[in-house]
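The following pair of complexes shares a single chain, subunit A, combined with subunit B in the former and subunit C in the latter.
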Partner chain A sequence: MGREINWPRWRLALIGGVIVLTVLLVAIFAPQVAPYGPLDLDVAQMLSPPTAAHPLGTDELGRDVLSRAIFATRVSMQVAFTAALLGLVVGTVIGVLAAYFGGWLDLVLMRFMEVLFSFPAILLAVVLMAALGTSVFNAMLAIGIIFIPGFSRLARAATQAVMRQQYVEAAQAIGMGHTRIIAREVLPNIIAPLLVEAAAAFSYAILLESMLSFLGLGAQPPDPSWGNMISTGRGFMAQAPWISVVPGCAIFLTVLGFNLVGDGLRDAFDPHLRD
Partner chain B sequence: MGPAFPTLTESIMTALVTRLLSFLFALVVASLLLFVAIKVVPGTAAGAALGIDATPQAIARFNATHGLDRPVYVQYLEWASNTLHGDFGTSFQNGVDVGPELGRRFLVTLELAGLAFIVANLIAIPLGTWAALRHQRASDSIITTLATLFGAVPSFFLATLLILLLTLRLKLLPPGGYIPFSQDPVANLRLMVMPALSLGIVSSALLVRIMRAAMIEVMSSDFIRTARAKGAPQRVVVLRHAIRNALSTYLNVAAVEFGFLFGSVVVIEDIFRIPGLGSFVLTGILNRDYPVLLASALSITVFVLVVNLIVDVAVQLLDPRVTDKKAA
Partner chain C sequence: MVRRHARPGQQPVLAIDDLRVRFRRRRGVVTAVDGVTLEVHPGEIVGVIGESGSGKSMTAFSVMRLLPKTADLSGSIRLDGQELTALPEAAMRDVRGNRIALIPQDALQSLNPTLRVGFQVGEPIALHRRGTGTGLRGRVLDLMRAVGMARPEQTVRAWPHQLSGGMQQRAMIATGLALEPRLIIADEPTTALDVTVQAGILDLLRAIRDRSGAGMMFITHDLGVVAELCDYVYVMNGGRVVEHGPVEQVLTAPAEDYTRMLLAATPSLDAPLAEVGT
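Moving on to the complex of A and B:
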C-alpha cells in the first residue's frame, strides 16, 4: 500500500474543509447573508415555527433564529481564533525556550505548565471567567490560557528533536546567534505538528466558548452566541424547540468540520499515525 | 552493579517518589492559583451577601469579621492550614458549614461521573473491539464515523435534546432534580439516566478510538499469530487473549478520562439541577461566596490530580518498562 492515497479519509477531510470554509465565509459576510439583523424584533411573529419569512423560526422576542445563528458565528470564530492563536504563540515561545536553553529554565517552565495542564479544563475556564469578569474578550483570554500548556509540551518535544539534528549543531558551530537559530532552524521544523494541534484547539475552543456562554459567563444577551441561544431556548423547549436546536446544530457542524480538517492535517503531516 | 546502574526496584522507587513530589507541588500551586484567581473575582463578597443598600460601615464590618481586610498571603496561609485540618469555613451567604455539604456533594458528583463512565465504556469497549476486528471494512468506517460525530456534540446540547425527546415528547423521564440513592434507588437512577448519557456518549468518542487502536495493535502481534497457528478458534483468540491485552492499554487512558469526566460535570449539573460539586462552583461564583467556590473548585481539582496520580503509579508498578522509556 505504502504511498497509496486513502480516499475515504481524504473525502472526509474535504467535507470538513467545505464546512470550515462555509462557516468562515458566513462569519465574514454575516450582514450580507443574514435575512434580518440579530436584534430585529418582529413582535407579531413571536415563537413562530419555520415559515417563508423566518426559515428557521423566531425566538421569544420575535427575533429571526437563522439571522441570530449567523451573527453568532462571528463570536465563535473570533473567540476560537484568538484563543487558539494565544495558546499557539505563548505555548510555542515557552516550549521552545524550555527546550533550547534547558536546565533550570526548562525545569521551572515545564513544572508550571504541568500544573496548569492537570487542571480540569472546563473548571479552569469557569473559574477564570469568574475571576476575569464575563465578556467575549475574557472568554478568549481564559480559553487561550487553557491551551498554553498543551502547545508548550508539543513545542518542547519537537524542539528537542530538532536540537539533536546536525544542522543545528552546524549552525551553532559557525557561531549563529540564538535568535537566528531559533527563527531559521528550529521554528520552520516544528511548525507542522503545532498547526495540527491548532486545528484541534480551534474546535475545542468553539465548544468551550459555547459552554461559557451557555452558563451565562461568555457573550452577554442580547448579543447572540450559540451558547446563550441554546440557554434561552431551553425555557421554550416545549413550544419552540428550534430556538435551541438551530444553534446546537451550528456548533455540531462547525466542530465536526474543524475536527475532520484536523484529522486530515494529522494524516498529511504524520503518516505514522495512519492505520 | 555499582551505583551507576540502579536496580529495577530502585529506579521504580525513584520514579514513584518523583511522581509523588510533583503531585504535592501541583497541589500547592493549584490551590494558590485558585485562591488568587478567586480573590480577584469582580464584585465583592460583602456586596453580594449584604445587598446593594449596605452602608460602608456594614461592609467594613463584614470584611473584618471574615478577615478579608488582611493581606492576601495571610488569608491564603490561614485558609490552607484550615483546609488541611478539614475546616472548609462557613458560607458567606447563609453561614452554613461548608465541609459536610462538600462531602454530600462529592458523593453526588462521584455517582454522576461514575455512571457516565460506565455508559462511556459500555459504548466504547464493544464498538472499539468490533471496529478493530472489522478493520478497514464497512462496519469499521461506520463506527469510526460515529465516534467522530459523538466527539463534535457539546454535552449540554445533547442534554437539551434528550430532555426534548425523553421528557417533553415521550414523557418517560423527569426533567431534572435529585433524590439520594439511599432514599429511593429507582427514582435516583431514573434522574441520573439523562445526565449520565449526556456526559457518557460525548466521552465515548475518544474511548472508541483508543479501544480500536489498542485492539488493532494487539491483533497484529506475535502471540495472537501463535495462538491462531495453534488452531485456537477466533472466539477464544479474541476473548481470552486479545481483549485482555488491549484493555490494559485502554484502561490507562480510560482512567484519565474518568478524571476528566469528574472535572466536566459543571454544565450538566446545572442543566439537570443536580446538587453536586459542579453546581456548588456555580453557586459560589453567583454569590461571590469565596469559601464555597474555593472548597468546591479545589475538591474537583484534587480529585482529578489524585486520579492521575493513581493511574501513573499503577502504570509504573504494572509495567516497569515505562520507567526506562521515560528515561530514554
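Moving on to the complex of A and C:
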C-alpha cells in the first residue's frame, strides 16, 4: 500500500511481460492479425523475399511466412500451457502426497519419479511420441509427462519444509484432518516456488514442442508450427533463408519473454531480494 | 513415591496414569516419558516444570496424541473419565481443539502466514461445525474481545505478521478458547514474550480459568511463572515426576534434591548483589 515500485529493478521483467502479452494476444487474435490464412497459396510469388504484399516473404508453396508464423503461435501456446499445467498439477499432487504421508508411499512415488528423471528429456519425449503416435495432443501429453518429476521433487521438498512448521502442528491440535491441512496449510505455503517453476517449464515446453515438430512428431504439415516451418525451410536456406529465420526468431523472442517473466516472478517471491 | 493429588468426590478433568512413551530407534529404544502419573482438576492450573528433555512437552503431546509415528505409547490417559488412548484417530480429531486446546510456545510460528487472523481464530468453530457465516464472525469478534485484543474489527482482517508478539499469543489463546475446552494445555506460552507482555498473558490465563472452570496444564521451565500462576506443580526430570505438591509447599520446602537444584538455579532479584559479582 503506497509502496514505491523500484522500476529499474523490474525493467527486464517488464520487457518480458510485454513480449509475453504480445505473443498471447497474437495467438488469440491470429485470424484478425494475420494478413493471410496459414494455408493460402500465392503460386505467382513462390520463395518471394520480403515485399509489400508479403512483409516477411513466402515459402516454397507461396504461403505467407508472417501469417504462418502468427498461426503457429497458437499451437505453441496451447502445447506449452497444457504441458506446463499437466506437469504442475500432477507433479504437485505426487510431491505433496509423498511428503505428507511419507513411508512406503513416498518411497514408491519417488523411485517412480527417478525412473522418469533418468531419461534425457528430449529422448523421453521422442520415445513417448513414438509410442503414443504423432499429434499435437500427444505432444502436450509427452511434454507434460517430462515435467512431472521436476515439479514433484520441488513440491515434495517444499511440503517437507512446511510440515516442520509449527502452524501445521497447531492445525493438528485444533483437530484438522489431512485434506484440510493439505488444502489450507500446505498448498498456499508451497505455491510460490511452483509457479516460478511453471514459468520456466512454459518456455522449455515451447522449445520442446518446436523440437518435436522439427522432427516431424508434433503438428503435422500443412498445419503451421514453428518447428516444422524451420524444418521445411532448411532445404531453402541458400535461396530463401527467411522461411527458417522468421520462426526461429519467434521461438527466440517468446522463450526470452517467458524466461524474463519467470526470473521476475522468482525475484518477486524471494524474501531476500525485498527492498 | 508418586501418588496422585486426588480430591475426594471430584472427577479430574485429566488423569494420566503410568504413561510411558518410547521411541524405537535403529539401535535400541529411547524412553522419553517413564511412568508419569498426573492429574488436573477443574478450575485448577497445574504447572509441569523441568529442564529441556525432561519429558514435559512429550507428556502434553501424548494427551493430544500428536506424537511422531515412531513413538510407542502405553499407560492410561483419561479426559473426564473417558479413556483417550483407546480412541480411534477420527474420534481423537474431534477431541482436539474441541475438548482439549493447545496454546503453543511461539505464536507467530503457529499462525499460518497465508491466512488472515480472524479466519484462523474462527477455524476450530467452523471445523467442528458449530457455526458459519455471520454468526461465526460475531463469535470471532467476541473471542477477540475476551482475550483483550486491541481493535478487534481491524485485527480480524490483519495478517499474522502484522500483529505484535503479545497480540499473536492472544490470537492463539482465542483460537484455543473458541469451543470452550475442558482442558487447556499451555506449552511455555510466555517464553517468547517480554516480561510486561508476559504479565498480561498470565493475567488473561488466570481470568480464563476463573471464568470457564476449565483445567489448565501449564508447561514451563520458569519457576517465577509457576509461583505466580499455578495451584499445584509437578517437577519432572528424565521422563519421571520427581516431586509434586501444592505450589507453596514445593517451592518453599522442596523434598527432592533435583527440585532444590532447580530452585537454586533461578536468579533472584532479592539475592545480594555481591553474590552475583563473585
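As a working rule, the second predicted complex is superposed on the first by the 261 of 275 C-alpha atoms of A that agree within 3 Å, B and C clash if a C-alpha of one lies under 4 Å from a C-alpha of the other, contacts with A are read in each partner's own complex, and residues count from 1 in each chain.
The working rule: a residue touches a chain if its C-beta (ideal position, glycine included) is under 8 Å from a C-beta of that chain, and two chains touch if they have at least 3 such contacts.
Source: prediction; values computed, not measured.
K.L.:
With the two complexes overlaid on their shared chain, look at subunit A and say whether subunit B and subunit C clash or fit.
P.N.:
fit
K.L.:
A:114 in the overlay: touching subunit B, subunit C, both, or neither? Say first, second, both or neither.
P.N.:
A:114: touches subunit B, not subunit C.
K.L.:
Report for A:236: first if it touches subunit B alone, second if subunit C alone, otherwise both or neither.
P.N.:
Once the two structures are laid over each other on A, A:236 reaches no partner at all.
K.L.:
On subunit A, which partner's contacts cover more residues, subunit B's or subunit C's?
P.N.:
B
K.L.:
Just subunit B (first), just subunit C (second), both, or neither: which does A:188 touch?
P.N.:
second
K.L.:
Which partner chains sit in contact with A:166 here, subunit B, subunit C, both or neither? Use first/second/both/neither.
P.N.:
second
K.L.:
Check the residue A:131 against both partner chains and state whether it touches subunit B (first), subunit C (second), both, or neither.
P.N.:
first
K.L.:
Counting only touches as set out at the top, which of subunit B and subunit C does A:81 meet: first, second, both, neither?
P.N.:
neither
K.L.:
Which of the two partners, first being subunit B and second being subunit C, lies in contact with A:210: first, second, both, or neither?
P.N.:
First partner only.
K.L.:
Does subunit B (first) or subunit C (second) touch A:174, or do both, or does neither?
P.N.:
Second partner only, subunit C.
K.L.:
Mind computing the angle subunit B to subunit A to subunit C from the CA centres, in steps of 10 degrees?
P.N.:
100
K.L.:
Which value in Å is the smallest Cα separation between subunit B and subunit C when the structures are fitted on chain A?
P.N.:
6
K.L.:
Residue by residue on subunit A, keep only those touching subunit B in one complex and subunit C in the other, then list them.
P.N.:
Comparing the two interfaces on subunit A, one with subunit B and one with subunit C, no residues are shared.
K.L.:
Using the touch definition from the top, list the residues of subunit A that touch subunit C in their complex.
P.N.:
Per the stated touch rule, the residues are 103, 165-167, 169-177, 180, 184-185, 188-189.
K.L.:
State the interface residues of subunit C toward subunit A in the complex, per the touch definition above.
P.N.:
64, 66, 69, 93-98, 101-102, 104-106, 109-115, 123-124, 127-128, 172, 175
K.L.:
Looking at the complex, which residues from subunit A come into contact with subunit B?
P.N.:
8, 12, 111-112, 114-115, 118-123, 126-128, 130-131, 133, 203, 207, 210-211, 214-215, 217, 230, 233-234, 237-238, 241, 244-245, 248, 251-253, 255-256, 259-260, 263, 275
K.L.:
Report the residues of subunit B in contact with subunit A in the complex, numbered from low to high.
P.N.:
22, 25-26, 29-30, 33-34, 37-38, 40-42, 135, 141, 145, 148-149, 151-154, 156-157, 160-161, 163-164, 168, 213, 216, 259-260, 262-264, 266-267, 270-271, 281-282, 285, 293, 297, 300-301, 304-305, 308
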